[in-house]
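Some structures are shown below for you to check.
Note that chain A is present in both complexes that follow, paired respectively with chain B and with chain C.
Presenting the complex of A and B:
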């Protein structure tokens, strides 16, 4: 018994001696939460978000903190892993809001996590900006939830118009993942837009597969036989290389067009030369970028050794948006509920925000009005700006 | 070892009632002084949610503070109060022993719930962890009926859960909520919370009817074959939901009203534990064990093997459906991807970690996997190295899980521990 007592006392003494901030007052720190998939299905997306956030933090620290209303505040990032799972994203948001007292949250990236996580953010009246989520449900009827990218109903017609104008084709094929929310939604929107242009039945093959499939030969054979002139496949970086290579092996000659989910740096790395010369719609193009976009790309490449994908760029923009909203709110009172409401109000008011992925103005729903970019994968495997399409 | 023995000796006379009182005191200390005094003087910015695990992993400098906090708030008060109140709780426990068991159990449960409620009420993050953990407990116990007591290897639990989740969400959205999917509510929204139990049960029944699809074709199969059939069932459910655009398809279904606060989930968990405990200790449960050990022998001893297996399967599926319904109303969003192979791995990990053939084991498994998963969150990728490693070690040293083949004995758990009075 005595030994235990002694042990406890020693432990307590240590505790007090080593906790250096002991007895000091709690100071106001601006905390920004990042809810990203660091593990799970798409870790590369999480990595991109994290790196962009770290670069942003570096800038703030260099400036000696974030200046709000004439006073500089220390900024802290709270990066939480959502494991690419919905319930984990909900828990992460709950933790950041109630435990870490974050002022705003950036993320989650995929709609699967952003839809339920947005519910939490809205309920606790905390600003959440999802940089990459394209599902309309993420921001719908949620005054506290915003997004940094355009929506599928805009992107689908952009791609359909581009193909029509560029190649003059009238018969298209679509290959998509039926089990994943984003490709499925986009495939539907594209089909509707295409058929509106070229009449019913102009999408000659509408084939699907399910997540984690790696063999697409039966679908691709059908597509090749259908006489389609162009293949649209709104898939992620882990599937695009397989689809492209298998299509080429099966004798597909036409172009393959993708969507913003192609934008990851991994796509070309895994796909190699098979992907050169293909097009996809995206939020920004790395090669041939100018101004602030170029500065960001160069810094990112220098620090982390590869060209940032669109997730990183969008995350950067989302953070900049949050930063401006905080600065516009004019004052940090230290009372977190009040500050969060102030940040929300100033964020909704932002007009013509000059982001590296284009200019943004928010609609009532918290969705930005911004331009889409058609990117060409050039012969060096770089994502080159080809065309831009504005609403 | 000497210390451990002494420690065990000192506290062997403490009844459950005292432990609960001690915990309640600790939580009350945290509730009243945790933020303003204790965490403040230890230099912590807030009350550590999960016993400081998150802070310790993120900022090693804070380890002493967090340990100090745990000692001051939890360890010392619990031990102190447990020991000092033993003098009067032992007689009380002795009186309770003479009363009907249910009375004593309910009394203890109320005390436990109050403590839990207070603890979870300090922070909503804790609240959601507790709620999801309780749901995991229901899931783990229900799969234990099939994989433990029945001795099969069924992989269709996420499928049952999905059926329960979708049926109950569709019903609540259809009946009690104005939403885009089903239009305006059919019934007044005030009735929602009262109708929720029936909706959950409907979800459970749907899941158990779904389980017939696995049970009937797999009568003659055992072991690996059943595993494959049930795995197929899980994928069938997932693909079916993905292709049903009426209920959202891959986009998922959201906007479920919040009908599952902590007390509701707690009550369901207790009912689940009670019912399953009665089931597995009944004649049917014994028959189930007999079928597991030797099907042919039990058949010759007049056990109706087919009926037994079917009942157990449907029974397990029913509770998985209930868990799915609760889960959907906690997260307020479901999509078919949630009920896939990842969920299966999680459920199997919980049941095999905790222990087969044991309700206590299931509870231990569900709680430890959930808490570990949350506590190791700051480690990101390494979390997925540490948890599987722990699982591997458990499987090596305790092949049937931490606590296996053990039943709850409420009477023994709650009895008075005063040795002198009992003349030991």
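Presenting the complex of A and C:
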């Protein structure tokens, strides 16, 4: 009786062992991490990243998986919320790299999170592509960190050039958040570029506030009094409407110009007519788009009910870049460290990648060379392509 | 001469700016002081009660505008929004007292103090889950009109904010000085052990105090929504802390002090940013307040006995 029991157990164990997937062909799943601010200060940015990623995944799934070296692999997205906080972004990267074994990471979007998160990705030798971070520190001396957009130092002179050519002004004011990497970096670069053009002291008011401030009246009163002809404010969509409205209430009549952080669809939604006719530099403009860019915009709009902002477009390009790099690496060995290194090497070699936000070639630092777009918010509240400016 | 006039205009412009900012600090900090007067503890959830009040105001304003915008005059809709929001928000205050503070009334003070922080976090995350993290734009209840008076830019919104805040404080003053309920509240803040023996229950006065504070905060919220029309679930944190600073600066438990200190805080913030580089604003502004407290540790109108008792 006992022998029979033992026999049955052994037989069952064998049956189980051979039927389990471990013994059949080992299946490797390619995991791509998305590190995005789903909650916190800029949730709309997180939403755009997620939606773009889902569209990308849909394409991959439609094709039956991602083909690498003649073999199709299943792709899985790991979406982590960084709460728009630096600490959480670092934690999210850590988790995706060490627990989820992702092959590459797309995100975080803002420099505030991308700079510290890039440190982790580089340390653990995992490719990270930040679609939206324009701070030089994100990719500086980090062979594993790339970005999908141009840099802050590039936007500063572009905006300064644009204002000078378009309006012929010589006196500018700057209002920025001193507690946030992106606006602070951009404000400094703009000031340097403007003063190089128009001489020292041509930035007649250089005012700041801190994150979460809602009242800018004393700064704006100073700016109005300074005699500035144009106001440059590289802020986010939650502050731009307040700044624009309060400036008008305090008697500001000149144009207000911003940077790509204005590009979120919510800026106009929250700001309304007060923002019509203003300009900002950006990576892409939805109105007036053609070709693959238009195809992406139409598809996104159809699926999610609103026109994608630049974050969504750049996230799409970053995922396409990651895809290209994985395919170029030729082979998935299943040994994650080796595969990550191979993806990094092929990503660095990509030339003239045709993205929907422009053609890209990576520099040594992992920054792409591409053009900037000057966008005008038209009278229907749409972001309209106004001018292109290349380096 | 012309330069002098320009300077005076510049200063007056900033006085207006400071009055608007200070109005919010004043009305909100009163909520801290009232609760302190009765319960001898600070309601750290007050900033978030302000936030919830703003969201309620947002909901009511949106509803009323959708229902009545065509045939009722604007000021009437505004008034109705204020009254209904005040009423609803005061129940939030009652809820905080009953759910958060009452069960811990005999607990150590530190436990009661952190209750407020926890309720605040519950409110923040609750709103986050309920409405999502999307920013909301407060609908304008009055059309913003800009005036230029003697070189100074004014908007009707600014003027209304300043006037309503002053009226609210006057109404509160009357309530506390002239009504029976107000007298009970004053008595409670004088001696919260003996007064219940006289038949005035702390379980009536405490929720009433929370309700009045929350109602005030909700009106401040509606006005805030007119001046800074972007709502997010964490909007109450910073302004709550600053109003708390004003409450301490004014003297714990002193409503008059809280109101004055609220305006003072507004003036300090605005004028520091006017005189010094704005980067240094908070550093200098709060150093000044630290200095004031060093020389007047009880604040401006702090009562002798209130410093002896706990927290």
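The criterion applied here is as follows: the second predicted complex is superposed on the first by the 365 of 391 C-alpha atoms of A that agree within 3 Å, B and C clash if a C-alpha of one lies under 4 Å from a C-alpha of the other, contacts with A are read in each partner's own complex, and residues count from 1 in each chain.
One rule holds in what follows: a residue touches a chain if its C-beta (ideal position, glycine included) is under 8 Å from a C-beta of that chain, and two chains touch if they have at least 3 such contacts.
Quantities reported herein were computed from a predicted structural model and do not represent experimental measurements.
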{"item": "When both partners are placed on the shared chain, which of chain B and chain C touches more of chain A", "value": "B"}
{"item": "First (chain B), second (chain C), both or neither touched by A:181", "value": "first"}
{"item": "Contacts of A:209 with chain B and chain C, given as first, second, both or neither", "value": "second"}
{"item": "Touched partner set for A:80, first chain B, second chain C, both or neither", "value": "first"}
{"item": "Partner chain(s) touched by A:269 [first = chain B, second = chain C, both, neither]", "value": "second"}
{"item": "First (chain B), second (chain C), both or neither touched by A:217", "value": "second"}
{"item": "Which superposed partner A:135 touches (first chain B, second chain C, both, neither)", "value": "first"}
{"item": "Which of chain B and chain C A:381 touches, first, second, both or neither", "value": "neither"}
{"item": "Touched partner set for A:119, first chain B, second chain C, both or neither", "value": "first"}
{"item": "Contacts of A:143 with chain B and chain C, given as first, second, both or neither", "value": "neither"}
{"item": "Contact residues of chain A, present in both the chain B and the chain C interface", "value": "38-39, 43, 178, 210"}
{"item": "Interfacial residue positions of chain A with respect to chain C in the complex", "value": "38-41, 43-44, 178, 206-210, 212-215, 217-219, 221-222, 225, 237-238, 241-242, 245, 248-251, 266, 269-270, 272"}
{"item": "Chain A partner contacts - residues on chain B that touch it in the complex", "value": "3, 6-7, 10, 40-46, 49, 54, 61-62, 64-65, 67-68, 71-72, 75-76, 123-125, 128-129, 132, 238-239, 242-243, 249-252, 254, 327, 331-333, 335-338, 342, 374, 377, 380-381, 383-384"}
{"item": "Chain B-facing residues of chain A, complex", "value": "1, 3-4, 8, 11-12, 14-24, 26, 38-39, 43, 80-81, 85-87, 90-92, 94-95, 97-99, 101, 112, 115-116, 119, 124, 135, 137, 178-181, 184-185, 210-211"}
{"item": "Complex contact set, residues of chain C against chain A", "value": "10, 13-14, 17-18, 20-21, 128, 132-135, 137, 144, 146, 148, 153, 155, 157-158, 227-230, 232, 234-235, 237-238, 269-271, 273-274, 277-279, 281-282"}
